[in-house]
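Labels A, B, C and D are assigned to the chains in the order they are written; within every chain, residues are numbered from 1.
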Amino acid sequence: MHSDERLRETLDKVVIRFAGDSGDGMQVAGNRFTDASASFGNDLATLPSFPAEIRAPAGTLPGVSSFQVQIADFDILTPGDEPDVLVAMNPAALKSNLHDLRRAGTIIVNTEAFEERNLHKAGYDSNPLTDGTLDGYNVIEVPMETLTKEAVKDSGVSGRDVLRSKNFFALGLLAWLFNRPLEPTLQWITKKFGKRPEVEAANSLALRAGYNFGFTTEAMKTTYEVKPAHLAPGTYTNITGNTALAWGLIAAGQCAKLPLFYGSYPITPASDILHELSRHKNFGVRTFQAEDEIAAVGSAIGAAFAGNLAATGSSGPGIALKSEGISLAFMMELPLIVVNVQRAGPSTGMPTKPEQADLLFSMYGRHGESPLPVLAISSPSDAFLATVEAARIALKYMTPVILLSDNHIANGSEPWRLPDLNQLPDISVPFAAANNGNGPFLPYYRDPDTFSRPWAIPGTPGLEHRLGGLEKEEVTGNVSYDEDNHQLMTDTRAWKVQNIANDIPPLEVEADEDAELLVIGWGSTYGSVRAAARRVRRRGLPLAVAHLRYLNPFPINLEQVLRSYRQVLVPELNTGQLSRLIRAEYLVATTGLNKVAGVPFRVSEIEDKIVEMIGS
Amino acid sequence: MHSDERLRETLDKVVIRFAGDSGDGMQVAGNRFTDASASFGNDLATLPSFPAEIRAPAGTLPGVSSFQVQIADFDILTPGDEPDVLVAMNPAALKSNLHDLRRAGTIIVNTEAFEERNLHKAGYDSNPLTDGTLDGYNVIEVPMETLTKEAVKDSGVSGRDVLRSKNFFALGLLAWLFNRPLEPTLQWITKKFGKRPEVEAANSLALRAGYNFGFTTEAMKTTYEVKPAHLAPGTYTNITGNTALAWGLIAAGQCAKLPLFYGSYPITPASDILHELSRHKNFGVRTFQAEDEIAAVGSAIGAAFAGNLAATGSSGPGIALKSEGISLAFMMELPLIVVNVQRAGPSTGMPTKPEQADLLFSMYGRHGESPLPVLAISSPSDAFLATVEAARIALKYMTPVILLSDNHIANGSEPWRLPDLNQLPDISVPFAAANNGNGPFLPYYRDPDTFSRPWAIPGTPGLEHRLGGLEKEEVTGNVSYDEDNHQLMTDTRAWKVQNIANDIPPLEVEADEDAELLVIGWGSTYGSVRAAARRVRRRGLPLAVAHLRYLNPFPINLEQVLRSYRQVLVPELNTGQLSRLIRAEYLVATTGLNKVAGVPFRVSEIEDKIVEMIGS
Amino acid sequence: MTLEYTRADFQTDQEVRWCPGCGDYTILASVQAFMADLGLEREKIVFVSGIGCSSRFPYYMNTYGMHSIHGRAPAIATGIAASRPDLSVWVVTGDGDALSIGGNHLIHSLRRNVNIKILLFNNQIYGLTKGQYSPTSEVGKATKSSPMGSIDYPFNPVSLALGAEASFVARTIDMDRTHTTEMLRRAHEHPGAAFMEIYQNCNVFNDKAFIELTGKQERDHNRIFLEHGKPIVFGPDSEKAVILDEGRARVVDRSEVAAEQILVHDEKAEDPSVAFALSRLSHGPHGPTPLGVLRDAPRTTYDGALQHQLVEAQAKRGPGELDRLIRSLGTWEVR
Amino acid sequence: MTLEYTRADFQTDQEVRWCPGCGDYTILASVQAFMADLGLEREKIVFVSGIGCSSRFPYYMNTYGMHSIHGRAPAIATGIAASRPDLSVWVVTGDGDALSIGGNHLIHSLRRNVNIKILLFNNQIYGLTKGQYSPTSEVGKATKSSPMGSIDYPFNPVSLALGAEASFVARTIDMDRTHTTEMLRRAHEHPGAAFMEIYQNCNVFNDKAFIELTGKQERDHNRIFLEHGKPIVFGPDSEKAVILDEGRARVVDRSEVAAEQILVHDEKAEDPSVAFALSRLSHGPHGPTPLGVLRDAPRTTYDGALQHQLVEAQAKRGPGELDRLIRSLGTWEVR
């Protein structure tokens, strides 16, 4: 298929948002569009947005589900601030998304959903299609339901089910508008619905009908094209953060030559890690759906003691419950990966929204002096290697490690250039095999370099020993209430973690020659910070940008980096937690750009702040 | 009775430590000595030290129990660094306490316990009484068992029980040595054992026999006298921190005109608060021994919702478990007092030892942005008013408040000048009684001054409303996922707590005119810091001293105070937690004096550090 | 005081947000109607829930309420009931909320016999988190977190409650509003902790889990309605009966046994053994399943005993006086 | 492989630190001797405990061990047993540790039937924290935290375990080393979760709590030793018997009933109803109390089922290949 003689405009990037009722299949439409664009060679980034935890009644505002994707012919960093195109399947979808649309953007509406009842449910007093609300936008009205019904009438699907294909109609229309190939989607439909031929037929027919509708109607004067991006050569897949993290755990198990154990209790937005891992039992992966988060971390501690690569994952409320267990693992110096997929808090908060407000909680969320390594993932695809790195540290230093993700990373997706698996590090550590003492085995006899204690697992003759949560005597690990010993052990545990700074890469700074401002971030703000930096540079303003993977310990060059700039800007989706850490550690003044609204930064917010600061 | 013509020396202060097996009644002896000294008019401070959580076999080092008391003719601040006198009831007691004794100090030993078996259990290869170990000390050998047996032979007590009175023998001897009256102790014995006349007789006889032994033997050349102290006039009682805290809760209930509810699960060293409160049901106090700490905080949240003054208390591991519940109370903005009697951590740590390592945990031990007021108690008697103040803040600002104590405060005792109860503040807040809206009641319609929301309790007609852990819409309290609302509520909750700074006294500084060094502490280091300051001043060195009751928010003048000195010293029983808060908040450089050994500072440690810093 | 209410008086202005067709709607309607009928002052009623689809319940009840945190509702309700004997305190919870993360609080509130009414909406799935198996899901259930089938043996909530010393245990089913209402009334009337399992259909993630009890074909064959003092018979033509066979409950054809052999239901029995035996008739539920009040054997309540101690303490020692308290350890004067 | 061990091989160099006279000493001796006798390789054995006097146990067992945190031992042991089917995993816990804070993990590990052996040292008190009432303390007990007497109705641990779907439930008493040893053996032999309540005397805070079962005068009158397949009789002259009376267990004079009326103990019964009825004979314990194996009805174990799924997954899909995994969502090439 090829386009007709209407205008074909080339864009470097476009942001499209599909929005509809939770039942309208918007996530599917978005994902299909994404995959088609990916295989076409665009760079892209996605941001799904689910209705809040509970199912809302059809047609209401809380029931709206949306999926945003940015595609580009260059390497992009975020799913975009403002959609250029909004697909609105009903009034509620229009209402809750219109304010994000860029000025004069395009709106494709399913007109037939704009009837009295739906308008009322969405809280519209009058019809926005006719009352002037959409003046200034490029509105494309499509009677999607009639057209879909018509299209699928021979498919074998009947009754209300007919309308289920309307997301494919919309997708077909978008495919035409953006000159995307239909084949990948058609193949996917066959693969997915092959066992139900009537559904397969209906969806394929609707897809083609949408495409043809674009082709034949006069509604659209122009079609658009986003050329393939010049991405680094390689094999790509489109991946979400949760999946990448789960795969990272599996990879880490292989790199460590250890069976993987994952103890978890379902919680939004971490559950998908459990789901994904439970599918891969052929890797020897054991998943344990515990009765609660306390049991989840407990089981992982048991598994670590027993010689597994042990991990546990949750989100804020669940991590709070794990605190006492993590403290035990810290005291027993067992390797354990604790994944926190942050969501907006406090308390139950807004479970489906992202936030970065658990950094200080990761640092200090345990009683007593219990410093832990803390790492943060910066984008969906980054989760894979970040997880392997967390495992490396946990094993090498015999310590729990906190690995921070968030809702934005967990559910967002981006193309991931598959790594060369042969290049993955060997992170295995030998179990203790021989007695290191003259009498009983000495479980706290430390390695002189890492200060790690030996990992002796049950089944090893002669190394029988007991661990526990009471303070340990150095070397022997016996219970000790000795003053000097407690001081020594406290210092040793702190030093062991601090020393990891010598085993991680220095912070990389992307700095312009005469930069006076450093922008430093962590976690999921990576994309928006980089994108903002790009825009600022395009304005000809110099700056330096850095992103922290390691929050504890900090890279050894961090202080020097911080002191090299007149101003330090720290954008965070919290009230300034990294700022506090930096200030306390180095007495360096920072400026915070803080947002706690349950949504990522817009690139422009960061851009504006940078420009303002440089100007000042 | 009066002393003979032997030397009678007057001392300004003396530190005595009773040490023996857990079965030897050393806590009783120490407490009786303390009470006798108190009613004699000395100032004093005590430090009991229990064997670690588990009972150890008799005669072993872990089985040693001790009680230290400092008495003085001036107002003292700590139980003293180094005992002047050590009573050692057995070899283990000698061994584990000797290193603390001041050079040339006095040792009163129960010689008969120094036989082979006991020496072995204590790990002595030879007898320290004869092998020169005690050279340089003033050793008074007393065959206490024979003498006690002899003394009580007509009491009616027989068999092994006879020896149970030997702590009273030792006490009698000490009474003679320090010219303490016997009467208070005799009265106490009658009161306590009146129902078992033979025990009463045995203990009284042993006490007198000890006194007479001193009087008649040649062992001691000198007796000592510590004159009454010039304390502020008033009525005094000797009180531990846990008791004062429990009474403070009862008082707060009365000041608030609310029934008190205390939900807790036993844990060392917080259990005694539960024990004490459970004895006062006639005050309408409800104690609930929950199945775990999660239920404990849960029950207290329920009680707060229902209109009680609600409190929950625990120590580190239990506070960790309460984290999720506290976060809920924070979100629902309910008044709740959370008592954390800190002990040495992490994990189970050293449950009977003090530490101050939960400050950052108090600040940041919850997921999401959830700032809470944090107050710290500075000495046993201070617990009473500090608790009332915590309740005032919780009620006025509708917020959970963290109240920090520690093992040292909880079990230590000191004379407490009883407050004028009429001067206690009225901390009552009216429940909401009338609907504040046109439609349903508006549970998040805030007071314009405090930003508190109204407290409408079940039973009030027309104010039916629902609270919960999901983000709330401002004013209505309905569930909201709105971006701007989340930002607003996050800011409002933070601001509400920050604003308490305007409702607390500014930090008081005890400053010499040309002081360049500020020593600033918090919590149980109060006494040792003040005592050190006194010594430094006696050396003619100028300094400034301040102590923080409010750790969050900080007093409004704190920054200005900090900036007024060239150097800031922060002594803490942790690795520098207050330092970090100060540095992060004000970018003021601090020097930490940090100790994590499960024991309080010695006054000399702080003194030395101050002198070193002033000299530098 | 009994008030005149209609169901609408117990509705709130919040839009009810469950999936269309969810059993929770039916239960909500039953509870609202029951409350209107009961006529207890609205302000004296408190609904406390945890987290889960079912736990949204309080938002839709125009009473006092709290949508708390996952699993902790019984603990929170205990604080309310123990300090406010004048209130009627209800817990709404799910099979995950009550039996998974909240298992400990559930069993402890039952043994303490705190005056709270626990409504467990058992849909044998985690609804809110989109369909993982729960502690009541059957072995072999394929879900997102158990693609090869669950290997967890499920609880029988009634057995568990009886093992935890519950003084009142009942079971009903969402669709049967009349029976649900009757059970609510019985729970309300019972002094102390009442545990009520409500089979609730989650049509999205676990549809038809209770089809054997709700299906037109099956239901009459499988619903065993227990009635105090009556022989336990059931079936479309009451042709089935339950007997005790060496201490175990067994379903038989009524024609096979003598009338005296049929077990006469005794919900008041102090010894919970027979109630327990009845609970073992079905696990899941599959086949004939007892519904109704399995046990209603009042004993001292926690809040009652606590109140009693407060009164006794005051009677013995007089109301607390702070001044005496702070002097109680002995004092001395400094002048 | 069976090894030659003596009790000393299972002792550690750590001084045993319980109060003189504590029942824990006796149990420790029984367990050490049993382990030596069993001859399982020491390194294949793991003892996991929580916090409490009883929970010091692992320090004194020369095996692998963990003295973990309060109440969580069953969860930790689950992680060990589920990932290492080659190990023999034992949990030592107290009535506070297992039934108060740890109640949830206990009931879940039982229903899942994880291959762990749970030894609950029930002294009806919190020993380590110096004597507060526990979830097994009797109503009215005066302790530090209940000066006017406890108002908490206690659990019957055996009933609770049965209500939680335990596949093996036994009860013994510290003083009776022979019986304890036999029960340990039975627990060991049972595939899956074994729950064993051991009445343990805390001579410091709750002395003589079990005097009815240990006192010279009383014990023979009150110990009902259950034996599979045998009629349940007891008493100094076996003059007492247990019968089922309308589904409830009841103690009768043997002379009063016909021999066939006496209940024949069936620990293998799939239906736990009769075991439950037996557990109701005594609460506390007071009067005649069943000791021995109340239930031993094996069913699929959690770890067995998990292992099975791993093997099956590998058989069906081959061992996992990372390279295939990361390509499994579809890929495209950029050149």
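In the analysis below, a contact is a pair of C-beta atoms (placed from the backbone, for glycine too) under 8 Å apart; a residue touches a chain by one contact, two chains touch by 3 or more.
For clarity, every value in this text was computed on a predicted model and none was experimentally measured.
K.L.:
Comparing B-D against A-D, which pair counts more contacting C-beta pairs?
P.N.:
Counting C-beta pairs in contact for A-D and B-D gives the edge to A-D.
K.L.:
Find the chain most remote from chain D, comparing centres computed as mean CA coordinates.
P.N.:
Centroid comparison gives A as the farthest chain from chain D.
K.L.:
Would you mind pulling out the distance in Å between where the CA atoms of chain A average out and where those of chain B do?
P.N.:
Using C-alpha averages as centres, the distance is 46 Å.
K.L.:
Hey, how far is the Cα centre of chain B from the one of chain C, in Å?
P.N.:
Centre separation, chain B to chain C: 44 Å.
K.L.:
Take the average of all CA coordinates in chain B, do the same for chain D, and state the distance between these two points in whole angstrom.
P.N.:
That pair's centroid distance is 39 Å.
K.L.:
Quick check on chain B: which residues sit in contact with 2+ other chains?
P.N.:
Touching at least two other chains: 62, 281, 291-292, 317, 324, 328, 332, 347-348, 468-470, 479.
K.L.:
Residue numbers in chain C touching 2 or more other chains?
P.N.:
Residue numbers touching two or more other chains: 51, 69, 100-101, 103-104, 108, 135, 148, 152, 306, 309, 312-313.
K.L.:
Spell out the residues on chain C that touch chain B in their complex, using ranges where they run on.
P.N.:
Listed in rising order, the residues of chain C that touch chain B are 12-14, 41-46, 48, 51, 58-59, 61-69, 72, 75-84, 86-87, 104-105, 108, 306, 309-310, 312-314, 316-320, 322-323, 325-327, 329-335.
K.L.:
Name, in rising order, each residue of chain C that touches chain D in their complex.
P.N.:
Touch residues, chain C against chain D: 100-104, 107-108, 111-113, 135, 139, 148-149, 151-156, 159-165, 244, 246-249, 263, 269, 271-274, 276-277, 280, 299-300, 302, 305-306, 309, 312-313.
K.L.:
If we count contacts the way the header does, which residues on chain C are in touch with chain A in the complex?
P.N.:
Contact set of chain C toward chain A: 15-20, 22, 51, 53, 56, 69-71, 100-101, 103, 126, 128-130, 132-133, 135, 144-148, 152, 204.
K.L.:
Which stretch or stretches of chain A touch chain C in the complex?
P.N.:
53-58, 60, 62, 265-268, 271, 274-275, 278-279, 281, 287, 289, 291-293, 317, 347-348
K.L.:
Could you please specify the touching residues of chain B with respect to chain A in the complex?
P.N.:
Checking each residue of chain B against chain A gives 52, 62, 315-317, 319-321, 323-324, 327-328, 330-332, 342, 344-350, 352-353, 355, 357-358, 360-361, 363-370, 468-471, 479, 481, 483-484, 486-487, 490-491, 494, 574-575, 579-581, 583-584, 587-589, 595-599.
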